[in-house]
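The same subunit A turns up in both complexes below, where it pairs with subunit B and then with subunit C.
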Partner chain A sequence: MQVELRDIRKTYGPVKANAGISLRIPAASIQGILGENGAGKSTLMKILSGFILPDSGEIFLDGQAVSIRSPADSIRNGIGMLHQDPLDFPPMKLIDDFILGHPGALGLGKAAAAREFRALAEQFDFALEPEAWVDSLTVGERQQLEILRLLWLGARVLILDEPTTGISLPQKEKLFATLKRLAAEGMSILFVSHKLEDVEFLCDRAAVLRQGSLVGEARPPFDTRTLVEMMFGKEVPLAERRTTVRESGILQVRDVSLEGLRIQMRNVSFEVRAGEVIGLAGMEGSGQSTFLGACAGLSRPVEGSFCIEEQDMTGRSHHDYKKEGVAYLPAARLEEGLVPGLSLTEHFVLAEEKKGVFIDRRKARRLAQERIELYNIKGRPESTVESLSGGNQQRMLLALLRSPLSLILVEHPTRGLDIESTIYIWSKLKARCAEGTGIVFISADLDEILQYSDRVIVFFAGKVSPPLPASSLNVDRLGALIGGKLWEELESEVAHA
Partner chain B sequence: MRDSRPNRTLLQIGAIALALLFTTFVLLAAKAPPLAAYLNLGLGALGSWEVISNVLVSWVPLLLVTSGLLLTFTVGLWNIGIEGQITVGAIFSTWAFRLLLGSGMAPGLVILAAFLAGMLGGALWAMLAGALKTFGGVNEIFGGLGLNFVATALNLWLIFGPWKRPGVASMSGTVPFDPSLWLPTLNPQSRLSPIAVGIAVAAILVVYGMLRGTYFGLRLKAVGKNPRAAFLLGIPTWQYMMASFALCGLFAGLAGAVQVASVYHRLIPSISSGYGYMGLMVAMLVNYKAAIAAPVALFFAALNVGSIQLPIVLQLDSSLAGVLQGTLVLVVLLAQGARTRMLKKEGL
Partner chain C sequence: MSGDIILIGLAGVLSSAAPIIFGVVGETISERAGVINLSMNGMILLTAMGGFAVSLATGSLILGFLAGAAIGALVALIVAFASITIKASQVAVGFVLALLCRDLSYFLGNPIMGEAGPRLPSASIPMLKDLPVIGALFFRQDLMTWLSFILILAAWFFIFRTRPGLVLRGIGEKPAAAYVRGANVNRLRYLYTVLGGAIAGLAGPIFSLSVKAGWKGTISGLDGIGWIVLAITIFGGWNPFKAAFGAYLFAFLQWLGLVLQPALPGLPSQVLQVAPFPLMILSLLLVNIGNAEWVELSLAHLPPRARRSISRLLRAMNATPPAALGTPFAKD
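Let's turn to the complex of A and B:
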């Protein structure tokens, strides 16, 4: 189906999120949508899918003007959207989630719906069981479920807002194959992403937004340099690799055994040194999150000990770890990291040391302004955190870090960040390393792990590798290890060493 | 921007109109003349200095209780146990009076001690609900309800048992204290004590200031809006929940002490007079914002006092005030819900 957006406008107070965007997406094609954080991508997609109302502008489907005032309107017109932050999934069975919202499902009956579900899943080679529970799925599987649901509802236009953050490599490959196939069958697909290589691989055309306006369109073969220049209005040089590891140790992990929800890890030992960056690689749910949480005192080891600078911290509370200079940044920004409803200023006040009884409002505002500038956050001191764009929420999380710190533990530090911000955030993190802070981070992005880590620890189904020098790895080897291959080789290497 | 001030005000005026409309229907269904009923309600609350002072007398405990509840609501807790906390506050302060009655201590000091005892009692009772929640995993609503029953039972037992009037125990409560121990009032006929009014006003100001400009208040908000993130930001969440329970209980206990020391001068069976539940309604109606709690509490107090006349004049039950208050809360909550949904649409 051909989609046309005409002069879409949406303002939030002084912010022009969409300043008159016109875009035509032909049928049977994949349209990439690029743009820096806060450029207005999600806003435009939410308008097209009825989640928010534009101030003005028109939408045409196959040349017909349509009025989209709710998500129901949009799906009735054949438009379905996968969101940037997967919405809360209540604990229900896949099949119930699947049926939910389908007008004809009640008449159809559950057994028949389950049959159709199986048939669809098989078509796309998704290993989803209708009787399984939604909350047991990984992000990538939820995405697959959502795609099936939208297709079943009759979607002929599919919108994906940053679908590749937080899913594993095989899941990504499967997703791309699915999208290509759907496009070949005549669907139009809007694909929002910060990963240029994904857009280059997948898309038939790309549109670049900047500050709410369409600043350019491109067709294959894409030129990365030009795209980046369009996105940021300037060239963005890649940072040099540089290491700041010192001799002294920060975190000592000794013979630690952990039990997570579905996973057990045995006898993990290593040391994080001052100024060192350690990347934790693995498919989602392989144990790395549990492990990182344990390093912050969020769960207790079954056996073994954690020491911060040789001081035994085993069994102490997260707040004790915090006092020793350990910072923990969770992956779920709005669920765990930030407090929806509170302003940026209030967040900075909360994150800093408490001084006295009364809050010095002027000082707090000044602090907020400083940090907003320093971390390049698109927002005002009095904005609430939920009004920030995804990437800006991530910057906010990092801007809340106190200093000095001895150890930063962070899940997906640059999830949802554009290239420039990714480089920028890592320059900030690396500056911490230069001061002697150790960093342990989780990422689903293998390039990020290889680019920024000094050593890498791989997790697979409860198996934990010893720290491997990043220089001994490449994307292929790391990808294989994450997928559970090459472990025997690794173990024999370790045995010999 | 469709979310402008006039829009919000319109919604609120609409809500009040709707509440009035519903109450009018109730009146018509009860075959009562609505206009006369409203007129009597107004006269009953504002018709003379005496009734106005009665309104203020019931404003004091209501405002105290509301002040406390703003804190528990802010931290995300439903302190249904507030009724019990008022009662236990009243019991503790009666206890203090009885202990110090013949001690020869200056009356002012005795009253002060009774107030402090009331605050202590309310706070302890509230912390019991808090402990049940934090350590026992009992939802504070169920825990609070249970503790309300226990407090009422305790109160009745004292009135009909150990503290009963010499000779006969009666529903009219314990023996009144010596008038020298009554909280001074405007004039001998009135029950209105300027000190009590001062305490209530101070309470709401303290809570307002606390929520607006202190670390404590901001941390309470953070815990209420997202306990997990608050914990990761370094806020000891359960301690803050306990603290808000304790403070709320303290205000409720103070309300109980005021009832004992300046209104009834003794312990009576229904000492909490439903102010706790009414306070919950006020707090919900003001959407947990301290700034407008005082006038709304005053309005509720006026409705209560105004309706006392109704049975005499119109043979109507005085629960009409309750109907009006309840519908008002429901309608305003509905309007707020509608508004949030509208704003979500706008993507705000």
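Let's turn to the complex of A and C:
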């Protein structure tokens, strides 16, 4: 189905999220949507899917003007949207999630729905079991479930808002194969992403947004440099690789066995050295998150020990780890790292060592102002954290870290960030390394792992590889390892070494 | 104690649990939609008084029950309006209403205090009532006790076996996800909060027209029941069957207190009257203990087989609340 957006406008207070965007997407094609953080991509997509109402503008489907005032309207018109964080129901069974929202008789008609579910899943080669629970799925599988559901609803226009941020390479390949096939069958697809290589690989055309306006369109063959320049209005130089590893050790992990609810890990040993960056790779839920939490004292190992600079920390509390200079930034940052409702100034006051009971307002504001400038945060001292865009929230978290630190443990340091912010965040992290801080991070983005790690540890279903030098890996080999392949080879290599 | 007396006692447990069941099912529906109706305690008192007053004035039992449902719906409407439209704190509004309704019922109920009024007759079923055991337990009950059985089944079936029930679960779990699937979240929340209020509003008249017939003001012995209803809703994991089990457990404990009193003359009678409340709290603790981290940690020392079966049991018992319980839904 052909989709046309005409002069779409939406403002939030002083912010023009969409300042008159017009775009035409032909039937049977994949349209890439690019743009820096806060450019207005999600706003435009949510308007098309009826999730938010535009201030003005029109939408045409196959040349016909349609009124889309709610998601119900967009569903009726065959538009389906895969939101960035999956809008599904984790505590339900797949089949219930699948049926919810599908029109039909009073009864659930589970048997018939399960039959159609299986048929669709088989058609796209998705290994999903209708009786399984949604919260047992990986992010990639949850996307697959959502896609099946949208197809079952009869979607002929599919919107995907940053679908590749949380998924691993094998899942991504499967997703792309599915999308290409759907487009070939006549579906129009809108694909929002920060990853230029994904857009270049997948899309028939690309539109670039900046500050709420359409600043350009491109067709294959795409030129990465031009796209980047359109997105940021300037060239963005890539940081070069450079390592800052020193001899001295920071964190010693000795024969650690861990047990999570679903996953068990046995006999993990390695050392993080001062100035070193270690990347933890693996499909979501392969144990890396549990492991990182244990390094911060959040769960106790069943066996083995954790030492920080040769001081035994096994069984000590997270608070003790903090005192030893360990900082932990979990994935759910807005829940755990930042406090919604508090201003930036208040955050800085909270993060400082507390002396006395009263807050020196003026001093606190000055401190906040300084840090905001230093970390290039787009916000004011009195803005609340939730009003910041994702990239700026990330910068805020870094700005809150104390210094000096011996170890930074971070999950997905740049998830959902644009190229410029990603480079910025890593330049700040690398600056910490130069001071001697060790960093252990989790990422679903293999390029990020390979680009910034000195060594890489791979997790697969509770199996934990020894640290592998990043120079010995490439995207294909790493992709195979996190998918559970090549492990025998790896184990024999380790046995010989 | 002879078998007959025990049977009659247990039949009494089934009927005295009926109002609690109406309260619990009503609250379960409301909370499944994401709205906590914390006014329950005052609301039960007000509907008990109101239902009795209307019956007394009109001589009609049906009108008495309808009045209870209407008052329950009205109180729930206030909760819905405050929490959905104004986006005020559900807990604060509900709590204030709980206090307000209680005082209102004592104040407005003063003139009819102690009056003898109509009472719901038992509706024995001719042949079935003579069946051994079952006859005494089930077939000599009154109409509302009957309806309480049906209500449990119907509510369970609606929530877990129908399409609108699935959407109901959805709007309480993740309203944004339900919204993108075409559900009108706020309208449905209004609907289910008011419906839940109407169902729970029958609890009061069941007390004042049947279980504890009449209106006796502060000595009615109803104050506190609403809080137990809220606790049982949690205990029941927002599932009508489990909630009904909680209601029967509570009614059983109350009965046990009465029966044991003569057997334990040394014990002050208040102890046995109050005992069901801490016992309910204890069972709540047991049900939710699996969530605690220290439990998980101490389980880690057990052999794997035992650990797995214990944690499976704990997991089956503890239910997670609807994730969006108590939070308003805004699209942007």
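Operating definition for what follows: the second predicted complex is superposed on the first by the 424 of 497 C-alpha atoms of A that agree within 3 Å, B and C clash if a C-alpha of one lies under 4 Å from a C-alpha of the other, contacts with A are read in each partner's own complex, and residues count from 1 in each chain.
Note that in this section contacts are C-beta pairs under 8 Å (C-beta built on N, C-alpha and C of every residue); 3 or more make two chains touch, one makes a residue touch a chain.
Since the structure is predicted, the reported quantities are computational estimates derived from the model, not experimental observations.
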Given the touch rule stated above, what does A:A434 touch, subunit B (first), subunit C (second), both, or neither? neither
I'd like to know which partner A:P330 touches here: subunit B for first, subunit C for second, both or neither. first
Which of the two partners, first being subunit B and second being subunit C, lies in contact with A:P71: first, second, both, or neither? second
Is A:F51 touching the first partner subunit B, the second partner subunit C, both, or neither of them? both
May I ask you to decide whether A:L350 touches subunit B, subunit C, both, or neither, giving the answer as first, second, both or neither? first
Looking at A:P91, would you say it contacts subunit B, subunit C, both, or neither? Reply first, second, both or neither. second
First (subunit B), second (subunit C), both or neither: which does A:R300 touch? second
First (subunit B), second (subunit C), both or neither touched by A:M81: second
Based on the A-chain superposition described above, do subunit B and subunit C contact any of the same residues on subunit A, and if so which? 12, 51-52, 70
State the interface residues of subunit C toward subunit A in the complex, per the touch definition above. 161-164, 166-167, 169-170, 173-174, 176-184, 296-297, 300, 311, 320, 323, 331-332
Complex contacts: residues of subunit A adjacent to subunit B: 10, 12-13, 43, 46, 51-53, 70, 318-319, 322, 328, 330, 335-342, 346-347, 349-351, 354, 356-359, 361, 387, 400
Which of the residues in subunit A come into contact with subunit C in the complex? 12, 49, 51-52, 70-72, 75, 81, 83, 87-92, 96, 99-101, 104-108, 259, 261, 300, 302
Of all residues in subunit B, which touch subunit A in the complex? 1, 213-216, 218-219, 221-222, 225-226, 228-236, 345-348
